Amino acid sequence: MVNCAVVGATGYTGIELIKILSAHPKVCLSALTTRQKEPISVKSLVPSLYGCDGFQVRNYSLTELKKAADLFFICLPHTEAAQTAYELRLAGKMVIDLSADFRLKNASLYPKWYGVKHHYPSLLKKAVYGSPEMNRAQIRKADLIANPGCYPTASILAIYPLIRKRLIDLSSIVIDAKSGVSGAGKKLTPATQFCEVAENFKAYKVNCHQHTPEIEQTLSGAASKKVMVTFVPHLLPVDRGILATIYMKTAKGATAAGVKKAFEEAYKNEPFVRVRKENHFPALRDVRGTNFCDVGFSFDSKTKRLIVISAIDNLLKGASGQAVQNMNIRLGFDETEALLPRAIK
Amino acid sequence: MVNCAVVGATGYTGIELIKILSAHPKVCLSALTTRQKEPISVKSLVPSLYGCDGFQVRNYSLTELKKAADLFFICLPHTEAAQTAYELRLAGKMVIDLSADFRLKNASLYPKWYGVKHHYPSLLKKAVYGSPEMNRAQIRKADLIANPGCYPTASILAIYPLIRKRLIDLSSIVIDAKSGVSGAGKKLTPATQFCEVAENFKAYKVNCHQHTPEIEQTLSGAASKKVMVTFVPHLLPVDRGILATIYMKTAKGATAAGVKKAFEEAYKNEPFVRVRKENHFPALRDVRGTNFCDVGFSFDSKTKRLIVISAIDNLLKGASGQAVQNMNIRLGFDETEALLPRAIK
Amino acid sequence: MVNCAVVGATGYTGIELIKILSAHPKVCLSALTTRQKEPISVKSLVPSLYGCDGFQVRNYSLTELKKAADLFFICLPHTEAAQTAYELRLAGKMVIDLSADFRLKNASLYPKWYGVKHHYPSLLKKAVYGSPEMNRAQIRKADLIANPGCYPTASILAIYPLIRKRLIDLSSIVIDAKSGVSGAGKKLTPATQFCEVAENFKAYKVNCHQHTPEIEQTLSGAASKKVMVTFVPHLLPVDRGILATIYMKTAKGATAAGVKKAFEEAYKNEPFVRVRKENHFPALRDVRGTNFCDVGFSFDSKTKRLIVISAIDNLLKGASGQAVQNMNIRLGFDETEALLPRAIK
Amino acid sequence: MVNCAVVGATGYTGIELIKILSAHPKVCLSALTTRQKEPISVKSLVPSLYGCDGFQVRNYSLTELKKAADLFFICLPHTEAAQTAYELRLAGKMVIDLSADFRLKNASLYPKWYGVKHHYPSLLKKAVYGSPEMNRAQIRKADLIANPGCYPTASILAIYPLIRKRLIDLSSIVIDAKSGVSGAGKKLTPATQFCEVAENFKAYKVNCHQHTPEIEQTLSGAASKKVMVTFVPHLLPVDRGILATIYMKTAKGATAAGVKKAFEEAYKNEPFVRVRKENHFPALRDVRGTNFCDVGFSFDSKTKRLIVISAIDNLLKGASGQAVQNMNIRLGFDETEALLPRAIK
């Protein structure tokens, strides 16, 4: 049994971690923290969860925190997470950070996209980007894992195998993404009020969403050259899920069969990426409540344009599920532990 | 490992059974049936489920069916279920029937409430009403379990402990119930179209819903005298869940403390009924995706009226979850097997 | 043309007033006010509205305000409205107050239900309760109209004709009401966040909602004796609309025909109350976007219980629509002006 | 007063026409037809509408129909509409057809996209495509108006001014469109059931939606050369509205200012197209219940890609509202009659 802590356990990703980890046979949830002064019972925070009567989310001092677990999931807001991660690493703890604070390799991008200077550039260099499909080997040895963003997860898994096989025109990538409201977090804003969201739909942060450089960095890595994308997120009137519709021009000589093969090779051994038959596409409900990323594609021979659609649950494969997947990899557990039911035989 | 079959596996309750049983460590799902001629892959039926690639829902002849399992969950429409149950009982099989066909002890009620004569009155007598909280001892030995209806489950669990303790005026019971759309099943009707349900709310079958006699029979049993209720169901723009708000006049001498005590005594050892503090009430989301029935109450001293609110997931505690609970009881398994995650310790 | 002002024009009821009054042929919207310092264009506040480019909602001093119009709709929060109404009445202006500040005749009820003492008890006495169906004659001459609350409107119109005809047991009234989220106003709260409301449903303020005394006062007036009700509001995952399901024991000798006659007599000349045939009930969508109150009923001869269901749009008949109806009455306009389309002939 | 008929009045577009036309001061709704044998009261069909007690939707023989009105709105399914239009034109009647039967100039496209041969090719030639912004002059004299499709309306209004000014690379157009469920019509299908749509989102008819050739034909007309587009529609969990996010590469020398100017010139006198400031985008709610098409744009200098977002109410500007706009133009009425409230002055 490994002692795990969730730092910042009252937000959506913290709650999902509590749900997943409370069913994990090899994990002891040894600490759940909040910056709020008054303790909160897990029972009141997650009413659908059973048997948590005596368990509380409470304020921890840094000293207390360092002793509270071996592995820490950090669910703090961007920029606050970095300092906590730094302190926990100093104390020799394993850290999986669900914020964006260790995702961008180039520290100079933080002021532009997150509005603040990065104070731990040397730690940033050591962080491993926690995309199991791309970086499993490094994750196995990583002590600081930067858990990917929700939009980047949906986008990258739909694109990187095509880049690796040089099947697409790198200047042609358009990502039209649609997310449920929980992606915005629990902070009270007019934009997330029921009467604003219901029966509504809109784009937001057009051309300026902070996940853009994360997507570009990862795709550039796969291409070994600079890749720029057009990325437009939209807000769906659903509580959870992301569906990304991605448009690309194919490279010379690319075929539907080649696309299919690229996806199949990339994902044939992946437990959480499911590739559909050509011209079959996932819906949000197919992945809701799961750690899957489902991918479908269509090749439009008329316009030589490739359409790839991916779907994830933004709170699972897009956040807490992937974080547990990373933990399972790091600790040498079965990668699907607590993330998959026993399958029908 | 016990071989189990789901007869009529393509509807909402069948799908929930597949989800629950595929994670049950002591069950082998040996047959999934449909009346449709073409087989359907479980994968296409339940896209969120993992590892079902080779498993199919298909048409079974009666002869095939009888050999296919030891215990059968019947998810057929009312009146069709009875004949299948009869045949399976002849073959000595255990049956849990999710239809209404064996719920009403008085066969003469079927023509009025279900529009047809009951053809198996002697089998009807042997059926045990599958409410674990009321009938656990009989369920342990039952070979034909009539799984309760969704509205009756929410209603009965909120009322019967009060009747047993003679705390309420039996002539005063009003049940105002609200259900998600999945309660209506998968049949295509104008009433269940998105554009009809969204941004809408309405009562239906006012004073004439077929669950009324089931509620009255069970409460009458608890009271040892005839109980009649006013029952009005409503349709909520949500996919799943039932919340029932129940109004009763208290009997002379009844107090809030007495009510609390009645609930606590009835449910202190029940794994799936959770009683709130006085004046604290459950919401649908508290039980969504769980097998819990949550109960809250308030005593209005001004009007001497007691208000009890109960909430369940109509597809789980109101159907498939309770069916599995009944199976666990019948087969001597841990009653919560496959219905609860490992709790936080 | 009458100059009208909306005081507190940025909330849901203010916006509805702007929409209705901008289409009213006899009204000039001469002032729209906000307590916010920066002006807000009507265009940005109500994007679906046409032709408002030059029109602004802005902060007015009291001196400015008094000169700005002849008739004022006050959409301020409870307790703040009273002072503004007082000042405007001092200046001789007509006032229609959409808050609760002049609804309860007994000033001593305010501390209990609204948490504050009432500072204008003499003005309170002069206010007319703006229920056109009950008080049309007084409204014609009223200079201060207390526009009814949303729940009271739906409740009262479903009950008072039965009380007048002595058809019901006054001690038996149970009101189970369900409201859309806009009823809670625009204030940011966790309870009105999309992720909290969607796929959810719950009761709130059980036995303690501040509309209870308003309902009781009005029904008591109709009965000429004290009436107490059990009132339980619930929150629906829809943006607008109220549906109330009301349960009553009938008085001796009451019949379904008598109930029907009571409703028909009360409402045969009412432009905005529509009575259904027995056993036919309204749905929220039937009244969404309209000023109608639809009423249906069913008589359960088994339990001698009468069920009445009423539906309104909480922002129209439950607030701004009724306020304009009251203005039309007060100013001698056609009562339906700006509230009904030209009918099919 | 002009006598107008709605042929096929029980579907969503028929109902919207009844709502709009019943408030039109210059129209008499002289006939509402259905293929169903039993008459349907307008009251039961459109409960939110007032004063229709005596008015019915009923079956008309062709002979009856020809005498029933001067102008006919045809809301029949594709391919059925053509024959009715043909008969009515033979009788000299004005026809506005809301189906696709007269939208595609090239009759040979019908077998591919609609699965049937077009039987009235000579009538097809005479039909005028009813886009007021592009074809107002021809609409004034047209006796057969092909009312545009919903997706084409949203798409074309966002693109054609840019094509006219040669601001975009014609091979680069990607239209990612999202529609509410009413776009699918009232036909019962599993895909439009509440439990399938709620909390869901998905693409459908990827690369093969029948509106593709309509969009291409119109844009090709604007460009005076063949234009092909990539068009992917998605299904939103809302009842009405379309939002289209459109991606285009700009032509050499194109600037944000040029784009802005192109839109402003095209729409400065248009009553129903509203152009936002650069980087400001419409939401579905901004146009819900209106005949507006709102357009916003952003120029991504990094990728030289232009993003245009348009929003309409699919049942109004995308169908019945635009049909009435066309009627107003054809009959010389104020173009906004019955489509706009009196504006704030």
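Every chain is named by a letter (A, B, C and D) in the order it is written, and numbering of its residues begins at 1.
The rule we apply is simple: contacts are C-beta pairs under 8 Å (C-beta built on N, C-alpha and C of every residue); 3 or more make two chains touch, one makes a residue touch a chain.
From a predicted model like this one, the values you see are computed outputs, not experimental measurements.
Among the remaining chains, those touching chain B and also chain C are A, D. Greatest centre-to-centre distance from chain B is found for D, with centres as Cα means. With centres set at the average Cα position, the gap from chain C to chain D is 37 Å. Here the CA centre of chain A is 46 Å from the CA centre of chain C. Chain A and chain D, compared by their mean Cα positions, are separated by 39 Å.
Counting partner chains per residue, chain A shows two or more touched chains at residues 196, 198-199, 237-239, 282-283, 285, 288. Within the complex, the chain C residues that touch chain B are 171, 174, 176, 178, 196, 199-203, 206-207, 228-230, 232, 234, 236-241, 243, 245, 247, 279, 281-285, 288, 298, 300, 302-303, 305, 307, 309.
Listed in rising order, the residues of chain C touching chain D in the complex are 18-19, 22-25, 28-29, 42, 47-52, 55, 198-199, 282-283, 285-290, 292, 294, 340-345. Listing the residues of chain D that touch chain B in their complex gives 12, 181-182, 186, 188-190, 192-199, 237-239.
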